[in-house]
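Each structure below is given as structure tokens.
You will see two complexes here that share chain A, one where it goes with chain B and one where it goes with chain C.
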Partner chain A sequence: MSVGAEPAGRTGAAAGTASLFDTARTSGKTRLAVQLGPGTAWLVAFFAIPILLILVYSFYSFSDGQMSSVLTLDNYQRALGTEVYRTVLFKSLRYGLIVTIACLLVGYPVAYVLARAGAKRRHLLFLALIIPFWTSIVVRTFAWKIMLGTNGLVNYVLRDLGLIDLPVKFLYTEQAVLVGLTHVFLPFMILPLYAVLEKIDPSLEEAAMDLGANRLRTFLRVILPLSLPGLSTGCMLVFILTIGSYLTPDILGGPSELMISNVIRNEYYVTFNWPFGGALASIFLIITLAMILAYNRAFKFDRMAER
Partner chain B sequence: MGDIDVELRGVTKRFGSVTAVDNVSFHIKKGEFFSLLGPSGCGKTTILRMVSGFETPTEGVIEIGGEDMSRRVPFKRPTNLVFQHLALFPHLTVYKNIAFGLEMKGFSKSEIRKRVDEMFDLIQLQGYAERKISQLSGGQKQRIAIARALVNHPTVLLLDEPLGALDLKLREQMQLELKRIQREVGTTFVYVTHDQKEAITMSNSIAVMNNGIVEQIGDAGEIYENPRTVFVANFIGETNLFDGTVSSNGNGAATVDCAGLAVKVAANGPVMDGQRASVSVRPEKIRIGAGSDTLTNSYEGVVEDVVYQGSTTSYRVRLGNGRDVNVAVQNTERSDGFSPGAAIKVGWEPERGVLIPEHAP
Partner chain C sequence: MRLERFVLRLWAGLVYLFLFTPIFAVVLMSFSTSKYSTFPVRSWTAKWYSEAFGDEKIVAALQTSLLISIVAALIATLVGTLAAMGFVRNSFRSREIMRAFFLSPLIIPEIITGIALLSFATLLSVQGGMILVIIGHVLIGLPFVLTVVSARLYGFDRSLEEAAMDLGADEVTTFRKITLPLIMPGIAGGALLAFTVSFDNFLITYLLAGSEVMTIPVHIYSMIRFEFTPKIHAISTVIIFVSVSLILVSQLLAGERRQT
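And now, the complex of A and B:
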């Protein structure tokens, strides 16, 4: 998917259509171009170029509601130098961490039960996991609003049980956002975990127990190490999706619970300060990439893939 | 009871409406190589899993070393299991695999090293400690699996068809290897197999199982020479079975009338005239051609089929009443034998056959 391969891909795509049905004579290079060409073109047009534009705009200056191509570092200075933006950035990363841990704690047992369930039960459980995906994330997040609202289901039940007198303010709090995010991204933890757990031979657990390991030690010494590839994939997915999430904090968090994506969006569409929004987006992108690199190194992805 | 390691008393295991093991009782002596032999689905693996604690008996008691195991979880039992597909830990080195059980029991590092090294000597795989499991051959994995279990000094080592996945040559080699290891460590081995040849070569004692019950227990010779049920006679080696009714008996001998063929046979137990019974005669105990006409059971027949098998030649002979018998002849001398269509005589003495009275249903 490298950008450098793109020119070859584009010319290849044109030449390739003629010989597309003549597979026997299609050379390896042409075939590769035909296969990679459309995807590469798409990515370049709709991903690489926009990202580059954001990067370029982030060095433009902005005054009196006007963007000009005078290059400056002011946007970066303001983004990194202002307390509010730093706070929002760190909050997004902190949310990412909390939601990842919450998804891991909730998702691991679910993935394990799924992996060890009989075929019939597994289908049912999978359906329960997948069906929410069929509805829009907006609808699912609004459902939480109904659950957590002042007159929502949770308050109603608590009051009925006599545990509270006045409704508790759940909505528009940090907790509401975290609960919502955990719910939305849980499947991204469960599915990769399930994929590895399902491949672990149950007789390995029996072997560990036969050799004197109780359930906890069987888990720590055998199941957990063998599930690490799926675990790290799941954590990475949930973390990245969380820190970049926009909709859930918008709906459940309200104006006081903004995450970085909400702030960037406001710069673009409320104050129309594209250069500053671009600077925020670029800083966020670089931090995320750096974290992924560090994470990959820590987990030694390559070595685990070898196993 | 001091010399008995494992005892099953009235053990039954039901899975839903299926009875996998039906009221089984037997005991295994200390240091014995004991085989549970039977076709797949006969309940032998279920017994092994009950002894190791992965299944609980529906009824009955299992004792190991004189202690009731009913309420013992697998990780607290003095048994170790060699799994059918070995179940070695793929994320650990060979050394860590073998050391696993000792680490779980909290042995010191130096004690673990000492004992694991002993195991490497025993299985003759010195220098493989830091290998990964995926770098081993089938036979090496086999030996590591046995070492991983034996290093814990279990009272009983349970083996669930561990040689099933190996090719024939390696399998035979590993059989000898297992036998040697068992002689050296002196641990009681309980070996599950469906391969009668394997059971005969390796075991001191064999329990032949079928449909959840133990058909017969005895040493290899006894089970081969003196099968007590038709199933055992058929399952262990090859045999000729003559089904019929007892027409006369007395003085330790009986005659079974088998579709017009009177077969004389030695009778050790009580039989009654008119009782249904079978006579089992092994192919190698039947004489063919010269000298067979003077034997007590002597019949005329025609050679139907000849199969040369190297050390033996196998003949299928059709007797006068239309019955086929299989005869195996040692090729001690190079001879042309008999050709299909040849009219010959076959025969055997009464004590070469085994009388199996039909059990009252």
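And now, the complex of A and C:
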């Protein structure tokens, strides 16, 4: 808002001195076109139109390895009506839910500790958090392969402690995929939570406790409601990123652990059935966009409640 | 009260352990003499590093990655900085929607971005390859540049520009001499993030590169999947080191505002 209201005085001054343009209004429009034009063009040409193309192809037919522009709904019927694809879709959503809840439960206390630490330690802990955040996903997923292998660190530690005699097979299981995903996406939960928790005045907590609320009640009635914007951002990010993951199920899961991204990739690159792959991709895209819209509505609702 | 604080801190400590142990495990393995990812480490060596850097394919992949990331980061920085100025310095009706559009490549699954560009390129009879990869990387680098440069522009004292204009500088001179130097840390920070996003990207590259172009994340992936060698540990450690240093520098640049 401040941006919109503020330049009024300035434009007058600029119009007086700037010899480059005659009228402030046209110069403003030209400037805006120069500033936003290149980015808009890039996004329309290389993002929006290509995505529309997926949607268009998803209604094409496919026979004898050839795509033809005879329009059909068969691809959607097959995608939603076939057991295999429904299973993959539901599994992706289920993983999304499990990983989101895991990240929330694991990450919330960490974000809280971070937000309440002294300035110097907080800075250090924050830096330490963005290191895994920015470590290549290929490397981090590979790291879990090292951790969970038969001769991996986890098996070694368990054997050393005498908890197991023979190595346990962790790799290529659902659990391995879930642990890997939680590791990869945990920072996406902690960072937005930390951002809101840091802004909550600690004296609010003290006030609640002085007034007789115990820790749990203080948390449920004061901290948790105030942290909802960060919590919803974190949950949305983790959920969307998880259901779209490709690498982790590919490396840590077996052939039965494929998620929706893996299946879409196979349709495009192995069977070359672009219409069907396009239908799967469109369904996936619609789910993602629905999540974002739901988040937006919830978030605005949340802001209204604050007033 | 004390106990709760202790439990909370212990939990946080365990979570940091969870986050860092796998990364340390890779670094440890890179110095182990064992040919596989085997614990415990019996003896130490640095030979995997010399072997990795003596491996033509790895060196070529590193060079390709560097080239792609530098070009993608430059384009993303130029386009993103312009857009940030457009969004911060103007108010227009569709501003919020446009901003969301500019940020959307972050949230749209990479598989969609990848196959969308593939479909588009095929329609135009363009083969997969470096240019296509760069186009994709610019898309995902843009939101980072936009966010970081916008933050810098919001914390910007506009009276400095007004003063320059009052003293007779035209718009271009004012931008060059006043605005640009002041937002430079933001631009550099955004550029580093765009570089890192591109350098670490796997899926978009994997989908669009075709058979000719091999970046380091894609090469590491194919080594993990098809031809395991302990050189993976060494080159992974190098990658971790590169990303982490770049991010620390970009953090320093972002934090610089508070000191000045």
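General observations
The rule we apply is simple: the second predicted complex is superposed on the first by the 263 of 307 C-alpha atoms of A that agree within 3 Å, B and C clash if a C-alpha of one lies under 4 Å from a C-alpha of the other, contacts with A are read in each partner's own complex, and residues count from 1 in each chain.
Here is the rule we go by: contacts are C-beta pairs under 8 Å (C-beta built on N, C-alpha and C of every residue); 3 or more make two chains touch, one makes a residue touch a chain.
The model shown is predicted, which means the values in this text are computed figures rather than measured ones.
Contacts of A:Ile240 after superposition on the shared chain: chain C is touched, whereas chain B is not.
Using the contact criterion defined above for the overlaid structures, shared-chain residue A:Asn151 touches chain C, although it does not reach chain B.
Judged by the touch definition given at the top, the superposed model places A:Ala213 against chain B, while chain C stays out of reach. Once the two complexes are laid over each other on the shared chain, residue contacts for A:Gly253 go to neither chain B nor chain C. When both complexes are overlaid on chain A, the residue A:Ser203 reaches chain B alone and has no touch with chain C.
When the two complexes are superposed, the chain touching more residues of chain A, out of chain B and chain C, is C. In the superposition on chain A, A:Gly230 contacts neither chain B nor chain C.
If you check the complex, the residues on chain B that touch chain A are 52, 54, 73-76, 79-81, 83-85, 87-91, 100-101, 104-105, 134, 148-149, 152. Partner chain A is touched in their complex by these residues of chain C: 4, 8-9, 11-12, 15-16, 18-23, 25-26, 29, 36-40, 78-80, 82-83, 85-92, 98, 101-102, 104-105, 107-113, 115-120, 123, 135-136, 138-139, 142, 146, 158, 162, 165-166, 168, 170-172, 196, 199-200, 202-203, 207, 217, 220-221, 224-225, 232-233, 236, 239-240, 243-244, 246-248, 251. Touching chain C in their complex are the following residues of chain A: 3-4, 6-7, 10, 13-14, 17-21, 27-28, 31-32, 34-36, 38-40, 42-43, 46-51, 53-54, 57, 106-107, 109-110, 112-114, 125, 127-132, 134-140, 142-147, 149, 151-153, 155-156, 183, 186-187, 215, 237, 240, 243-244, 246-247, 251, 260-261, 264-265, 268-269, 274, 277-278, 281, 284-285, 288, 292.
Listed in rising order, the residues of chain A touching chain B in the complex are 201, 203-204, 206-214, 217, 221-222, 225-226, 307.
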